[in-house]
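In what comes next, subunit A is part of two complexes: it sits with subunit B in the first one and with subunit C in the second one.
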Partner chain A sequence: MSVISAYARALAVQTGRAQPVATVRHVHLSATPMVFIPLKLAGEAAAPLAALVGTDPANPRLLVVPQPRNRDLRFAFMAELADVMLPYVESFAGVTETVEAKTPYERSSDAPQLLVPNRGGIAFTKLLGRSTRFRRADGPYPVHPSVPVLGQWLTFLAERAEYAGSSALVAMTEVLALHWATGQSPMEDANLATQLAWIAPPAGQNGPEAALAAEDPLTSPPAGPETHPDFDGQVLDHAIRAYETSNSPAQVREALRTQLEPTWTLMWQAVRLLRELPEAATVDARWAKDRDQFTRETARLADGGFPRGRIDGAVSAAIRLADLESALQTYEAQRAFDDPLVMTEHRVAGKAFSGEVVAVDATRRIVPPGKTRAAPRPLVTIRTSDPVRLSPGKRLSSSRNRKQKTEIVSIARDLVVIQINDQMGRGSTPAPGSVPEVGEIVCYAELDPSGGQRPRLPSGEDTPWTHGGPPAPYVPTDEDAQEAWS
Partner chain B sequence: MIALTPEQAAADATAAILADFTGGPHRGVIVDSPPGAGKTTLVVTAATTLADSGERLMIVAQTNEQVDDLTDKLASKAPGLSIGRLHSDGFSVPSRVTRHPGVTTSNKIDQVEACTVVIATADKWAYVSERTWPWAIVDEAYQMRSDKLLAIAALFDRALFVGDPGQLDPFSVVDTERWAGLAWDPMQSAVAVIGRLNDLPVHRLPVSWRLPASAAPLVSEAFYPFAPFRSGTAAADRELKLATAGFPVAWDRTLNEAAATGWALHELPNRHTIRTDAEAVQACAGLATRLLQRGAVAHDENDTHPVSPDRIAIGCAHNDQVAAIRAAGVPAGITVDTANRLQGREYDVTIVLHPLSGRRDATAFHLESGRLCVLTSRHRHACIVVARAGIAELLDNHPSTGRVQLNVPVKFPDGWEANHAVLAHLSDHRVQA
Partner chain C sequence: MTRLDTLRGPAAPLDHNARTIAALAVNPGCDRRALLDAAGIDKQKTATHLGYPAPFGQSPFAITRAKSFDALVKANGCAHLLRLLRHTLGLSISEASYSDISDVGGNDNHQVRHTRTRALLKRAATDGEGAGTLFDHPLLKLGVAGHQVYLEPAIIAFQIEGRFHVVEIKSFAVIDDQADAGQVAAAARQSAVYVYALRALFASEGLDPDRVSHDVVLVCPKDFANHPTATLLDVRQQLAALDRQLSRLTRIDRILDELPVGITFDIETQSPDEASKAVSTVDARFAPECLASCEMALFCRAEARDSGSTDMLGRTARDELGGVESIPTALGLADGSRSASPEQTEIAEQLRYVRRIYTEAVA
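Now for the complex of A and B:
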């Protein structure tokens, strides 16, 4: 926990209300997000029990598995879910825009966004994808043809959720924690009901009171995917027995509706709260990445792409790791440059500083290391009262021009001297405006929004001997869908 | 084995490694080297042996500093050898490399590929393509993440992987559980991956030339339980003398203990503190200052020299602790750094802020045996550990309970056990502040 977030939590306890830790919204919020609240059967790894799903707050669709131990009913449930989700996902595939790049390409103008209550919801979405994407409409245990397609999309969304800054599949408690600090522990914040109680308590109550009331499982049942044990034993068990004798799912549906509807209301309340925040500057650029990936996945599936493997090969694992790291680095830097409150965390930690420019040597020219000709390398002196814990040679970026590379030359008490290395035009002196001027308030941080460069890796077929050699090519079989836990 | 002198044991090991590497049937040979066991000497010997028989060779190290050190040593040992130092654009090669006439430096592979030996960091090698070398030596291979090896593995036919298995594992800021248990988990070290996917011979260097006789048995037992090594020097070969007698205060008593025995535990009262514990930080900076003021002199098997600031290091676990200790006023020239950056470095005296000092919990990060191993194995003469009392009780309250992942090889030593072993030894050298 950083100093700022610890302070904000203490302040929340003192004032009895959650404190903002961001001034802008750092996630994309679709105009038509799909809220998805899945429940699973206790004691099973991936047995779906029910889901409340939809894009209209007033009109959720309740799907249940009246006997969750029956595998045919589970896949009937998945087919029903596909019936809701696939038209939603595929509605974004047709509309594209042309991206002006070195080689212009088509990108979907919008993409699906799935909102789940918590991290457990993402993990369960991933498991649902894994248990359905290898299924087939023919062969030994046939399922509805839409089930494996849904599995592919759930897998795509769950894998996107691993990338920092992606908004394709979002856990609501995590997004709220990104913008508000409550007076509870981070673990308690994983409960959507109590977290929202701190952020927006009902009239006449303060945060702790509202959170205490929200801890009652009768008024605020768990947001899933786990259900409350008392509900399992006292309500669900009887309802499932009733289904087995009467063959009518009505009682199961009613029981699960009571467990899901309170969370449905909370999810849309959270969406409204988030909509009130202005969107951060780089959210759009990150959402464009999600749209790019969505476009690629659409094309891949249209080409009859195989379901993604359960495990990564040596090369794809290395590529994914590099991409995950790059996404995180970019996201952290963008978030700080977008939001002064987030930047404060870095300033308190000594990784960033803000201050007034007191001197500029704009005409300085030196021969940079490894070069033969002199080039402009202006020096800027900044007076700051921040506790700077950086050392000479560290590379910095600034929100003035996020692409401009600068490095620290010296630090003496409250004066930091930095050297500007690029983005000054082609002339022998820096282009106007490319170098800060005396009196300007600037903020520099040891954060790199570029995300670094990924070295070239061999293709999967060229996996070297050190990493086990090339893997055998994938051939789909009837056994693909078998799992120890299913 | 017992009858062999350290010199003979080390020479035998080197001969066996070279025979296996240049003449054996395997595409790779792994060499596990404890701290200060002459790893660089082995790399230089292997390189010159290959070069003498007319073979072309590439050398991979992990940081520019390591590459420059290696280039300097290689060029000093074999002045006639043509060495290409490949570096990144904008990097200024230090004079200890450029002073050798046999060394060509460039940021372009075409300028140096004609050299008998080409040497660069793994990151730079990743951008070289469409060329191959029959031989490669990968130095500090346990520090190398396996995805970096993947990027360069197509460049060589056969390779010698040299490294210290007791050091810190590679790490990442992202969640890597997804790959846990895979043989090619990109988060493992390069050696772990080639070892799991190929049947390669593993050699060990049996003698530490750095660690004094007072430290080698403890470090060997605590961190290398299945690959024991011994010190190359006897107790009488190393002596640390303080020129002035000192006052009867805790700092001076701690220094006396360290000078006399090679170890000291400067123990502060038991307390839960923030990471940048002001008293512990003050003690680290103060001990370093007093050590210089009292004029320490080190006698070893080579010479007698005063312990100057560049021969002293202060090590800790976190960057903010480094910053706090620097801010507390450390004499100029003394190295203050985290365990990660102290890897592979050597000093006469080290002062260590114990990773668990003042903590309420013992997380996997703070328990990692590699971290403590790096911190307690950088010294030639003495190691002073600064810690709050109560670490042993903290360990007992937090038995290590990492999540069990299928197919992940069990790693020895266990951090919990290694921490206890070090603490038990330090308790005989305790000075209460």
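Now for the complex of A and C:
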């Protein structure tokens, strides 16, 4: 959190309504997202209890496990979930577009997007994937053939969710917090009902009143995956007993429906709120990465790809970590360049500055270090009132041209002199428009949208002994397929 | 009758457990919690009486699951536990005996159980190996804020090669060798309380406190099954934190001295209004983290909201606002409608700048 968002939170308290911390939408929103609200049984590692799922706000599908301790009923639930999710996921696999690159390739024109209420929903999705992806349709404990396939897709989506800027599996409270500061604490923002109450209070109420009302578990049951302890003790326990004597899941279904439907309404309300925001400039580029990964996973599964092992090998783990870092770096930079409000956080921190160009030396030519011939290196002087905490030599980027490399030459009081190093055409003088002009308002930041370079790593077969030597490739075992799920 | 008894009223004092001590140490500056806890007041009932029932509870399913896992690990004289200690942790235990101190000859009086715990542990420590290996439900005592409290035991103390270990049984799963970080951290904080109390007991018996290991044995279900697995958890960091926090805990006497004479928090004879006024005479230090651990949290939050305190926005936000205590002050400094005191000049300048660029960017 920065002082900007702290200030916005204070303003929210004063005005009684959430305040913006973004002016554009930084996540992709599919035309047909699938909302998925899973519930689990308290105290168990990954015992699904119920889910409300679907792409049509008016027509959610309710799935329940009438006796959550019964393993067969759990797998029946997973098969039912596969029945809803797999057709949705697979519907995107068929339609592709050709990407113009050095070696053109096919990419899905669109991809599935799963929306869950909160961070816990992502963690539980990952656990559901983990507990089903190794299963088999044959052998001692056969499951429906769709169950392991669903397990692989849930694993894929949960892994995408770890990448900053991915929109494949999204936690709604986190997306909302990216765009609005409420008058409550970040911890309380993890409650979708109170967070939305601050952002869009019902008519006749202000944010704090609505948020207080939304804390009542009777009107706003928890958004999962945990259920409310009172509901467990006073309602669910009896309903499960009733199922055991009558063998009819009706009572369990009705009980769980009351816990899920309010969240379902909130999820679609949040979707509508987000749709009202204009999409940020780089959202499309990031969604293209999600579509790339979706296309690759589709191909891998079509080839009969094994489920992901329990633990990563050393090299693949290092690659993953580097990619996660790079994605985060790119995402932070892109978000700031897309949105002047996000940029203010970097300006306050002294990592970015905005101001008016007061002088330009466009014809300056020097012999750059390590070169033999003189090249254009224009100097631009910017007057800023921002508290710049950068030193000469720092490399900067700007939203004018995100690829253009610039560096700080000097800082004296409110005057910052920067040197422009590339993206000026091939001529002996800079191409028109490639260098800012006097009077222009510009913003430069120590943010690198390129995400840096991945360190050179050996291939998996060359894993050094210090890291356990080459890992044995994961091959599914009978034990994994028959793993207990109690 | 001590002043603490007067505060509590006729109700019986409540026991501490590792969770409450750990929670206390999380927010050591809160006088209200320190006092209510030291007096053994039932915060759950008090909060309900004041109209702000605690926002959390435990599901009966979670309780059942925890109990059944606990029973499984301890079944047949801790057979599972001994297997884990031998194989998973590679300890050479030839023979093991098991003594349960949950009652002494049918007497579950605290003083009796505590005396028995002391005697058994001392004998084990001085006699060496043969004097019993596993001690279930030892009742420990701890000085909290200058006040002795009993610790409700939920652990096993176990001796190997002259060193004592605390064994904590938790029912959250370890999946592919990974457990939920938040739950492991909570378990580590709680285990540290037991290690701390056990060391205090050793010291008071003239034994070397370092004979209680800082490595705690954490027993959890493995993957999705009910099968237990064990890991060693180093709680040195938590111990150091606990030691620092407990020593910093505001002395109860100091708080009592500032209270009006004859004040009581008794909820049986006082109306919610009267009790609420009485509780409000003791300062609280609200932080949103309290919502997860303190029964009084909603009462204190309402208080913080009424006074426009920056505490309600979270600790980070409060720090970012330069520690300014009230939201109207922070906003007043930002728009210049309030003049800054000498120590506020710096933050006031920053807030004015923040307001300017925020307003520009939103427009």
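Methods note: the second predicted complex is superposed on the first by the 480 of 486 C-alpha atoms of A that agree within 3 Å, B and C clash if a C-alpha of one lies under 4 Å from a C-alpha of the other, contacts with A are read in each partner's own complex, and residues count from 1 in each chain.
Just so it is clear, a residue touches a chain if its C-beta (ideal position, glycine included) is under 8 Å from a C-beta of that chain, and two chains touch if they have at least 3 such contacts.
Model, not experiment: these values are computed from the prediction.
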| item | value |
| --- | --- |
| Touched partner set for A:Ala213, first subunit B, second subunit C, both or neither | neither |
| Partner chain(s) touched by A:Ser185 [first = subunit B, second = subunit C, both, neither] | second |
| Which superposed partner A:Leu127 touches (first subunit B, second subunit C, both, neither) | second |
| Contacts of A:Ile311 with subunit B and subunit C, given as first, second, both or neither | both |
| Partner chain(s) touched by A:Ala79 [first = subunit B, second = subunit C, both, neither] | neither |
| Touch count on subunit A, higher of subunit B and subunit C | C |
| Touched partner set for A:Ile4, first subunit B, second subunit C, both or neither | second |
| Overlapping contact positions on subunit A, where the subunit C interface meets the subunit B interface | 311 |
| Touch list for subunit A against partner subunit C, complex | 1-11, 13-14, 19-20, 23, 41-46, 127, 130-131, 183-188, 208, 215, 226-227, 229-230, 232-233, 236-237, 310-311, 340-341, 343-344, 347-348, 354, 385-387, 483-486 |
| Residues on subunit A engaged by subunit B in the complex (per definition of touch) | 162, 164, 311-315, 317-318, 320-322, 324-325, 328-329, 349-350, 368-371, 389, 455-458, 462-468 |
| Of all residues in subunit B, those that touch subunit A in their complex | 27-28, 89-92, 107, 123, 126-127, 129, 146-151, 153-154, 159, 172-176, 178-179, 182-187, 190, 193-194, 197-198, 319-320, 323 |
| Residues of subunit C that touch subunit A when the two form their complex | 55-66, 171-173, 175-177, 221, 223-227, 288-289, 291-292, 305, 308, 310, 312-314, 316-318, 320-321, 327-328, 330-331, 334, 350-351, 353-355, 357-358, 360-362 |
